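For reference, chains read A, B, C, D and E in written order, and residue numbers begin at 1 within each chain.
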Amino acid sequence: MYHKQYVIPLILIFLAGFFTPYWYNAMAESFGYVPEMKKPAGECVENKDWMAANHMLLLQQWRTQAIRHGAEGGRIYHSSTTGLEYHASTNTCWECHESKEEFCDQCHDYVGIHPECWDCHYTPSIEKPHYQGTDTLSKFFS
Amino acid sequence: MIGVIFGVIVPYIAVAIFVVGVIYRFINWANSAVPLKIPTTGGQQKSLPFIKRTIYDRFDSPYTWWETVGRMILEIFMFRSLLKNTRYYLDRVSQKDARWLWLFAILFHYSLLLVLIRHSRFFLQPVPEFVEMLSEIEAFKGVFIPSVYVSGLAIVAGLFLLWLRRIFLSRERTLSLPSDHFALILLLAITISGNIMRYFFKADLEKVKELLMNLMVFDVGKAVAIADSIEPIFYVHFVLASFLLAYFPFSKLMHAGGVLFTPTRNMPNDNRARRHVNPWDSDPSVPILAKGITVGGKTFTSKKLDWDTYYSMYTDQLDEIAESDYKIAPEEL
Amino acid sequence: MKSGGINMMSRRRFLILAGAATAGAILTPQISAKTQFVESPEEVESNRRWAMAVDVDKCTECMEELIAKTGDEKVKPPCVVACDKENNVPEFEEKRFDPQWMRIAKLKLEKPVNAKEFYIPLMCNHCENPPCVQVCLTKASFKRPDGIVEIDMHRCIGCRYCMIACPYGARSFNFRDPREGLKEVNPNVQMRTEGVVEKCTFCVHRIDDAIAKGEEPIPACVEACHKYGKGALVFGNLKDPNSEISKILRENIVVQLRANLGTDPHVFYTKLGGE
Amino acid sequence: MEEMPEKIEIRQRFPEWREMLKPVKKFEEGRLSYISLPKQVDSEFFKMPFGDVERDLHDLKLPENWKELFLEAMKETLEKNRAFKLFMDICVRCGACADKCHYYIGTGDPKNMPVGRAELIRSVYRRYFTLSGKIFGKWAGARELTEDVVRELYYYAYQCSLCRRCSLFCPYGIDTAEIVWWLRRILSRIGLNQRFMTISIEASARTGNHLGLLPGGMAGAIQQGLEELKDVTGFDLHTYINKKGADVLFVAPSGDYFATPHWFVMLGYLLLFNELEEKYGLTVTWSTYASEGGNFGTFHSYEAAQLLNSKIYKEAERLGVSFIIGGECGHMWRDKHQFINTMNNPPKNEEWKRFWENPDLGELAEGLRGVRFDSYASGEHGWIHILEFTAALIEHKKITLDKSRNDHWAATYHDPCNVARGMGLIEEPRYVLRNVMNKFYEMPEHTIKEKTYCCGAGGGLLADEIMDLRMRGVMPRMMAARHVYKKYGVNILLTPCAIDKAQFPHALEYWKIPIEVGGPMEMVGNALVLTAFGEKPEDRQYDLRGEPLNKEEGE
Amino acid sequence: MAVEFKKIEGDSIQYIALVIILAVATGAGFYAYILDHEIGGLNGLSNRVPWGIVNAGIPYFIGLSAGSLIVSALAGVFNIKKYKVFSRIAAYMAAAWIIAAILSIALDIGKLYHFMNAVRYFNLTSIFSWNAFLYSSYFVICSIYLLVQFEEMERATRFMAGLAVFWAVLVHSGTGAIYSFMYSKELYHSALTPPMFIVCAITSGLGLLLANLYFTFKFTNRELDPSLIRGLGLIFAGLMMVLGYFLAVEGLEKGYIPGLHEAVQFVFLNPGTGVFWSFWLLVVFGIAIPIVIILYPKTGYDLRWISVAGILHAALVFAERFYLIVPGQVFPEEYLHGYELKSLHTLEGYVVSYTPTIFEWLQVIGLVAMVYLVYVVGVKLFALIPERAVEEVVEE
């Protein structure tokens, strides 16, 4: 073999590049890591497996509907799995999925997706005090 | 069952073939000698100090190691040779730059790079931040749900353009072999199936990653369990990709590695400064033909014309020159 | 929804196809909500038109009292505070980019000297012909069937053309991340990110909730105005002839801001300058 | 005058890929090179395998086990040359090289595309050396090696002038010249050699130069030149030959001794050397033994090239020179630049070593101090191009030039392929030309410098029997020349290449472009004022071609 | 013989230095953008003045583009053969400026990554929406026009030139309409704006092109016939007069309305504001002086002076864009006629000052630098500049 000084490093670089997951995961100590989600209380809106792959479409359709038509027909969701009615407020999901960290983030972090939903929408992890309605204004005006 | 075969066995075999194959090709090429230093010089050589040598000449006609590396890098990352492409018109005197091939090639290869980087999220845990950022930038995060990855569409477009070239341009059609079409069709099938899986028939990504993570640590038991529960559409993509991996080292796709070995590009144009030694003719004091070459059991030896032989052949004439003290002057008339 | 006759997603299959259509091509419009989701057409032809009436007299009275009490010329009355808190409107020191959905303006006649000063609330007028909807590039600003002009933050690209177009200066742009300026969070209303335009929505979430429960909707400012103020604000359905607002409009001379533009705003000011 | 030749028809064909794999049966007239005769390849000094049989392409008379021999030679080549092996493997057939080949442009024959030419041997490679070719056969683009295939290989291997233009545009640098060169070597192993080049190789192996000039003939030729110079300048000039102890060995292509327009370049050399010797005392010697700069072996095989160029370093060592100057030749510089120091051991004489320790001409002749070569050359190589040498002299103001003597010429410059793409000598000739003449114009951008077009006769294709191919191959260059002729009124095409100088006069006549051919050194010779002999700029009345310089006044 | 276009070698130190400087300036612009959006509020904008100079860049760049293209198409559409030598440079610049215009929009909008929504939910009633379509199609047309020129397709070039001019006029009317159709702002609302935009586009594009040609030919050492430039210069001067006329008519019309007296006074006669200066600088240095330079015989034939006039005008057309966009926002609208209204909690009812910050200037400068970077790299990559621009060559 000629040009060993170039070919051997080349092969090593190739191997290192191709097997990046091994050394990367070894450094992160995450071999074979599989996320564990906290089982939410209650029944899911739709079939669980289907939701795993398609929940974003459901949410997107639902939110568009709710924003654009609101009271005029966009807010109620009839599940085809359970047959139940769900009322869309921005917090409906949190009634069962109590923790964002232990549910949503598990999968999303795992596959490296960061939806921008929570840039605006409330999550239970927000630490600021909740506003409780006009009644709390009494301390300013009365 | 489908999961076991396509989800576990096939990828293992494919990866093994790929890794061994690529290393085999590298070593195979490296086993051949490089008898001569034959860079194709595309610009002014390094020569007298007052001869202007521009930055482009440095990369087109490299003299130092670094310039050569620069040339290779530009070649690999910018396809510089294709960028210089021209077109000849039979019916016109003029020639024009023809950079479409460069454009299509860049479109395809860079999309491929982005796609591969994005796919690394299925293998890396935690997913590196730049991979996430890259995905977000190219997907116009928030516009489409699921996000539309531009590179995923661009790669299909690039492949189609490259393929249409081979189909519709008569010259390219003539010189395309079935294997050329096959490679393009295979890549198209992979990218299109990937896009279909992304936008139309969805598979559960989390399970896919679980499968791959388990395959990586050879936890076959778990992998088999997961593999069976993944949607079939995933296996179309996955098996085709595995096939590409296995096909890669033994096809023209290996140009990806071969470009590093190409002697007309990776050698500096410094023949006059540094001597190149031919490994199978390292002591060239006697020409090979004078030593004799053996073909089919017979040896053919040419007589060597060294000075003594030469002198003995043309003694009288050479002596005549010597008589005039090796000087030639016009004849006195 | 009382009728309950709407089966938004009757088949799972539909969703798969819907996903296909949304992502398939950039130009494919999103599956039209009207055709796919809303099955009873009378619901689209809404029988509601929300509007607000402002009793300028009462408003002025309330403001003058407040200013006298606090000594602060720029004090925020209950309606404004309620609005800010209810809708997660952030507060920034720098006025230049401090978003304000509802604000109070001091009004006085230009020419006569020492004319009486009034205070009126300013907010989005929820026009019948909203210029902002006309000019929005992405249809992010839209008018709901019940007359509320809303912004779909998921679509807004932040071009601010609507701010130029709005004759009432009702819109604010989020130059900064608004969450920096929030002290409290109302979980029922989404916050905004930097780079989008926002404005008063007539507390659309409250309206929708109330309709779903079969109650009379009331925006936060109106609620606060009645609780802590003089009850200058009246909110209601214009299409209902028996509603209070219909009555007010019938019985008073009302003024719309910049009526000459033909935008037909739906915030009406009554008793301007006292009756 | 300016019309195209009456009869040139370029038929472009685009056959199916299957047809591309079938060997061509019908060979076009004027494109098929003759096969060598026994006296050329079975001679004492150049003996090739199976050279003892007279062949023609219809009756190859191959040795019995030719197939094994061929494949064995191919296997050896694959091991011996990484470039060949790699270029067999990595071509993606993108087509970027196709219309870069002047022979393809001129003939329209799809197998003349560089990729098409390489595919001819690549298909054989696939059949015998790759798994997929063995299994899938035709569908993997592989084909059996048959006698027809060998014929085709020969036919197309000698339709390539090894100009490397395709290699410049290939994204992987695939050099068809390299493939063809080693293919010719493989073919030579089963007894197939091209006649034209082996005539020269054999002559060079026997006498030291391609023309077969004997020492006396060569000395006579140079003497003739000196006599002509006496007529032109009026001075008694002289030069040395085979002189031991000279400072520099000068090696020119043998065409320069006789042929026109090479001859005028020869006069230019002589003028320069005389001026240098008279003024500074730098002695330059010619050599009868190393009388050939060109090397037709570089068209044939590694071994043949080595056989021919092995003489020069030996002669340099014997004569005890300090370095070697090479004359105006194209492929010679591929050989002298890239091959010679690998194929041979450089000279080991004292003078050589001493000079290259401090490569300043001042070490040899005090007046020339400051002219240095160490920025790019070392004693392991020791060759300097005559134009580099001249450029250095001009830059350091060591010679006096009178530009106006070349005012009757409007010149353009043709870069020889091997000099531009095998060496990178691009700016030096232009530098020289701008300094020796006023009217110098470039041809269109895509046809000069590293993108230069071949003259269509390189690589051993200067044979008369393939005149059709030569005239077709030269077409792109001629179109460019016609362009500058029309645009600037150019009347001379300068080129530092002996083969070009042989090809262009025919080509210009064929393509009906009324301009002359010459070499840059001729222009230098015209402009050079022999100050050492007391010449004044206005003294010279005739140029090197014997034309009066001041036409209007003279007539 | 046809005009011969030739690439430049692009290997001198000066060239590389120029590329680096331009690249740095471009980079600085984009860095300013990133800072502006990451931190937020670094610009001088406010809720009252949401459109500033980055936005003014849109009509400005579009103007330069359209002007450049119209010059380029002169040769094709009106068959003025002698200007063919400039047609490639002009068309290339047109394409480069349109990129800058589109980027200017991109830098201006708050959520860049949402921009695909504009394509996905095309709003037929929004003029901006139409413009987004017009700009992108205009870029495509420019590119095709350039391509057919490179390919030397004579008839296609003719056709594309015509189409491009038509489209340039359309694009420009559209851009004018973005502002002029805004009935909510009295100072915006003027039917004269679109035609004025077109004139202004041609003058600014032409002015910059004149300077551009002069410098390009000077630095590449190629021959440039002054009479060619002089011809263009005369067109330039004539159109500047038309522009001045339009400005006068519009100003007088606004001043004639009693309800707008105050606003008009604020714009034209209040030297404390940038608006005032932008207008009068434009009139004096952007229009009057360039006209004088070109018409005055001593300077009118001098390429250097002509390019000074061109640069002056082109630079100050930016002030025109400023004058177009900003006053309408700065001056408060009357919500209730006859009443003086002052908001307690926002800036409504007050005259708001708008001073562009360094971050905004950097963005605009970065875009200009980017265009010239594209140009400088382009003359190396493409055969844009003729070997010599002389009338005889052309008429042969």
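Note that in this section a residue touches a chain if its C-beta (ideal position, glycine included) is under 8 Å from a C-beta of that chain, and two chains touch if they have at least 3 such contacts.
The model shown is predicted, which means the values in this text are computed figures rather than measured ones.
Sorting all chain pairs by how many C-beta pairs they have in contact places B-D at the top. In this assembly, the chain whose C-alpha centre lies farthest from chain A is D. A simple rule picks the central chain: find each chain's mean C-alpha point, then take the one closest to the mean of all protein C-alpha atoms, which gives B.
With centres defined by CA atoms alone, the chain at the far end from chain E is D. Each chain gets one centre point, the mean of its Cα atoms, and the points for chain B and chain E are 45 Å apart.
Note on chain placement: the centre of chain C and the centre of chain D lie 85 Å apart, centres being C-alpha means.
A separation of 61 Å divides the Cα centre of chain B from that of chain C. One inter-chain figure worth recording: chain A and chain B are separated by 41 Å, centre to centre, where each centre is the mean of the chain's CA atoms. Multi-chain contact residues of chain D (touching two or more other chains) are listed as 82.
Residues of chain B in contact with two or more other chains: 30-34, 52, 57, 94, 136, 141-142, 144-146, 148, 202.
Multi-chain contact residues of chain C, defined as those touching 2 or more other chains: 16, 19, 22, 26, 30, 154, 193. Residues 52, 54-57, 92, 94, 96-97, 136-137, 140-144, 148 of chain B are the ones that touch chain E when the two sit in their complex.
Of all residues in chain A, those touching chain C in their complex are 46-47, 50, 54, 57-58, 60-81, 85, 87, 89-91, 116, 119-122, 126, 128-131, 133-134, 136-138, 140-142. Residues of chain C that touch chain A in their complex: 1, 4, 6-12, 15-16, 18-19, 22, 30-31, 33, 37-38, 40, 43-44, 46, 48, 78, 81-82, 85-86, 88, 142, 144-146, 148, 150, 152-154, 182-193, 204-205, 207-209, 211-212, 220, 223-224, 227-229. Residues 18-19, 22-23, 26-27, 30-34, 120-128, 131-132, 135-136, 141-142, 145-146, 202-207, 209-210, 213-214, 216-217, 219, 222, 229, 231, 257, 260, 279 of chain B touch chain A in their complex. On the chain B side of its complex with chain D, the touching residues are 25, 28-38, 40-53, 57, 60-61, 63, 75, 79, 81-82, 84-88, 90, 93-95, 101, 105, 165, 169-180, 250-252, 254-255, 258-259, 261-265, 269-278, 280-281, 283-285, 287-290, 293, 295-296, 298, 300-303, 305-307, 310, 314, 317-318, 320-322, 325-331.
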